[in-house]
Amino acid sequence: MVFGGPAGTGFRPRRARTAVACLTLLLAVAIAMFMTYDLKGSLDYALELRGRKVLGMALVGFAVAYSSVLFHTATHNRILTPSLMGFDSLYVLIQTLAAYFLGTAAFLQIDVRLRFGFEVLAMLGFAALLYRWLIGRGERDVYVLVLVGVILGTMFTSLTELVMRMIDPNEFTRLQDRLFANFSTVNQDLLVISAVCVALVTALSWPLFGRLDVVALGREQATNLGVDHERLVSRALLIVAILVSVSTALVGPVAFLGLLVANLSYQLTGTFRHRYTVPVAGLLGMVALIGGQFVLQEFLNFQTRLSIIISFAGGIYFIFLLYREANR
Amino acid sequence: MIEIENVTRRYGTTTVVDGVSLSIPVGGVTALVGANGAGKSTLLSIIGRILRPDAGTVRVDGLDVAATPGATLARRLSILRQENQVAVRITVRELVEFGRFPHSGGRLTREDVAHVNRAIEYLQLEPYADRPLDRLSGGQRQLAFIAMVLCQDTGYMLLDEPLNNLDMRHSAQTMGLIRQMAQDLGKTIIVVIHDINFAACHADRIVAMKDGRIVADGAPREIVTPETIKAVFGIDVPVHEVDGRPLAMYFA
Amino acid sequence: MVAEARQGLRGGWPTASKLTGWARKLEGRTLAGAALALLVVTAFCSLFIGVSNVTPLDVLRLDNSDHQTRVFIESRVPRLAAILLAGSAMSVAGLVMQTLVRNRFVAPSTAGTVSSASLGLVVATIWFGSASIFLKMSIAVLFAMAGTLLFLALVQRMKHTDIIVVPLVGIMFGGVVQAAATFLAFKYDLLQSLNAWINGDFSGTLRGRYELLYLVGGLTGVTYLFANRFTLVGMGRDFAVNLGVHYERVLYGGLCLVSLVSAVVVVVVGSIPFLGLVVPNVVTMTMGDNVRRVLPATAISGALFVLVCDILSRTIRYPYEVPVGSIVGVGGGVVFIFLVLRSRSFGS
């Protein structure tokens, strides 16, 4: 399955740079609008509240986009995303399991930072397992990966539901409020840790981009060109696990967003080089979330949820991608 | 010099390469021949560290393939497998540029660009250079991959069935090119090939494998004889001399 | 990939047993017989599991005014009937669908049928709120059929489809339809009802509220009558036409049947994940692809699987109940992943 830019176009770096510039501008506009539109009451308070929301959305948009691009490279295809593979439903499951075994009260008392740390560790464990089981063994094909992923996702969701029912119904409501965070109730500590995590991970992985381009060529080509395929793939998956933990901890599962922005970014830049695709995808993710939320709350009066719109648009775009590939 | 010592590889319970030892000095074209499933491609992949052997070692210029960093090795040895599918959409030129990765790590210097252009020219790929790989015929794609490993500019080149997907003209051209690369550029080339006549015509040395072991090793004239062919492939084939070269008449 | 798709459209399972001829037939019968016996025993036990303590003796007294007997007649028996009917019908629907679309991974839940049915229900509730349950259900059925046909049209217009792209398109299509349903439900404050349709549950099954499911039982019988035709259509258009089967009529007729079954089940109990996917695959893996031969076993295994899950859902958090969909989701998922990985490792 070969996915990529529009037919017949070679890679032109200028186009990618234009895309980065335009999107940066768009992002600035979106942030400015979101921060200043229709300000009422105490200015300081409102700005702080909105600033926190914007930071949260920017982190999530970037983390989702970046993790999807990396996941595409690591699995050599452009339809799988961490969320399709059940990563974010697993995160919710881990939280629920922890609450079940520790008791809801004890669970909620643990310091947010500590909790987040443990959850990230558990996610890293899962990524390692997934890697060994599905990818490390070599020639598993894309079919199996997608199918197993979709099923794992459903299974984790079912299991979460099951565990939630095992918890006392009264405590359960309390837990649910905490587990399914939204941008307005984001915990400040969590926001800070997430920002640090994302910045750190990005700084550490930026130098890998050249080698990741080679990894995208496939295991054998990468080995021939002297790149340690296994090590890079496992590193990429670890980064993915951290990024997914961040985004899920902040807002819960955001299906399809990653798929949408990653593929749009390949299309816009006409390349698969990470130096271009990661920034463009990240910007797209942030613009989509902040701009989308702005339009939603100012013009549609919260009549719907952003995630519904993203699923709808993302699903249609995904079918279109498959359709186009199948009719080439 | 490539030294292979007691290399063994199993798939499940079947042993595909069985205690092979072989040394290949610098220079010239060595052809690995044998029936399907004889273990040629597996052996080649082990030399090129794409597969790990279950036992034994491979050394290239004294460096143990299993222990040497990938990047160091990639500047000395390149391997091209027969199935080359790339999951991303890239042009021929981009692919060839990746051949320079072991040398420059992704940022092309002027010298790298010269290498790229030379490789494209050498394989006469200029008309297709900016086309996406998946828009080419199987043969053209094969040539693009050969250009990439050529661009990698390594002393040793391992090619697995490079004539797959190629028509008569392109097969002859490619083998001629391999010959030429060995002669003009001083490369050491190991090529897996199933047509013994191509091997006889273009190789300096033929190594024949059967059931994971080496059964014959020598100059084409010593190998392409009815007796050896019978021993390797299990069929009776008359050998004629045509233009001073042995030719196995297996078509009849 | 394309080559692979052509060579084996349904990506054949490795047959577990190497038995042929009568030996295999006998093996199939024995399996089906054993499953049936197990089903009867489990069904009997399930009648006496629940919050109210009902024993066989209570029922034998046959006293209608008796609390135990009333629970038995009003709740336990309907519940068992609903489970058996829904479990077998959804499994058979999955079998028919995977045969007709010629893809192992296509089932009502992976082809948009189930989500279209729930969208239909949302629409019916919003705009025909006061209508009878039959009208609402008819609307759901229409939506289910339209969704399935749309999916099929989409897939048929794709030139190179391989075995995974088809269900993938179906799953995504289902997701889009689901998003539309959620959008409407959110706007008209129907999220709770929608959730009930999405998560299958038998706890609300009482006398007078499940009888529609008998329709589904009848439809499963109809499926059996047409089984041979479905098998032929599953072998491909050319093959079917050559043997004088009216390809289009059987294909669309079969899909209508599947849509009808799915819509009714969604209306009455809600959707049950993986059921139409896992059960037919397990059965055809051991017994081959002849619909007529595997249909009874599929129906029995489907009913048994749901019944066992339902008993678990009643006992795991006694006295509370856990939605049966969650249990099926976990159990079915494990089985299915095992199947997929096994079939692949055999293949290579």
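Letters A, B and C mark the chains as written, and numbering starts fresh at 1 in each.
We take it that a contact is a pair of C-beta atoms (placed from the backbone, for glycine too) under 8 Å apart; a residue touches a chain by one contact, two chains touch by 3 or more.
Here the structure is a predicted model, which is why all the values come from computation and not from measurement.
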> Nearest chain to the global Cα centroid?
Replying inline: A
> If you take the mean of the Cα atoms for each chain, which one ends up farthest from subunit B?
Replying inline: C
>> Roughly how far is subunit A from subunit B, centre to centre by C-alpha average, rounded to an integer in Å?
In response: 42
> When the C-alpha atoms of subunit B and subunit C are each averaged to a single point, how far apart are the two points in Å?
Replying inline: 53
> When the C-alpha atoms of subunit A and subunit C are each averaged to a single point, how far apart are the two points in Å?
Replying inline: 33
> What positions in subunit B touch 2 or more of the other chains?
Replying inline: none
> Taking each residue of subunit A in turn, which ones touch at least two of the other chains?
Replying inline: 1
> Contact residues on subunit B for subunit A in the complex?
Replying inline: 48-50, 69-75, 78-81, 84-91, 93-95, 98-99, 101-102, 105-107, 130-132, 134-135, 149, 152
> Which bits of subunit C are touching subunit A when the two form their complex?
Replying inline: 1, 105, 154, 157-165, 167-169, 171-173, 175-176, 178-180, 182-183, 186-187, 199, 273-274, 316-317, 320, 322-323, 325-330, 333-334, 336-337, 340-341, 344, 348
> Can you list the subunit A residues touching subunit C in their complex?
Replying inline: 1, 79, 139-144, 146-148, 150-152, 154-155, 157-159, 161-162, 165-166, 169, 255-256, 303-305, 308-309, 311-312, 315-316, 318-319, 322-323, 326-328
> Okay, in this complex, where on subunit A does subunit B touch?
Replying inline: 1-5, 7-8, 10-11, 76-77, 209-211, 213-214, 216-221, 223-228, 272
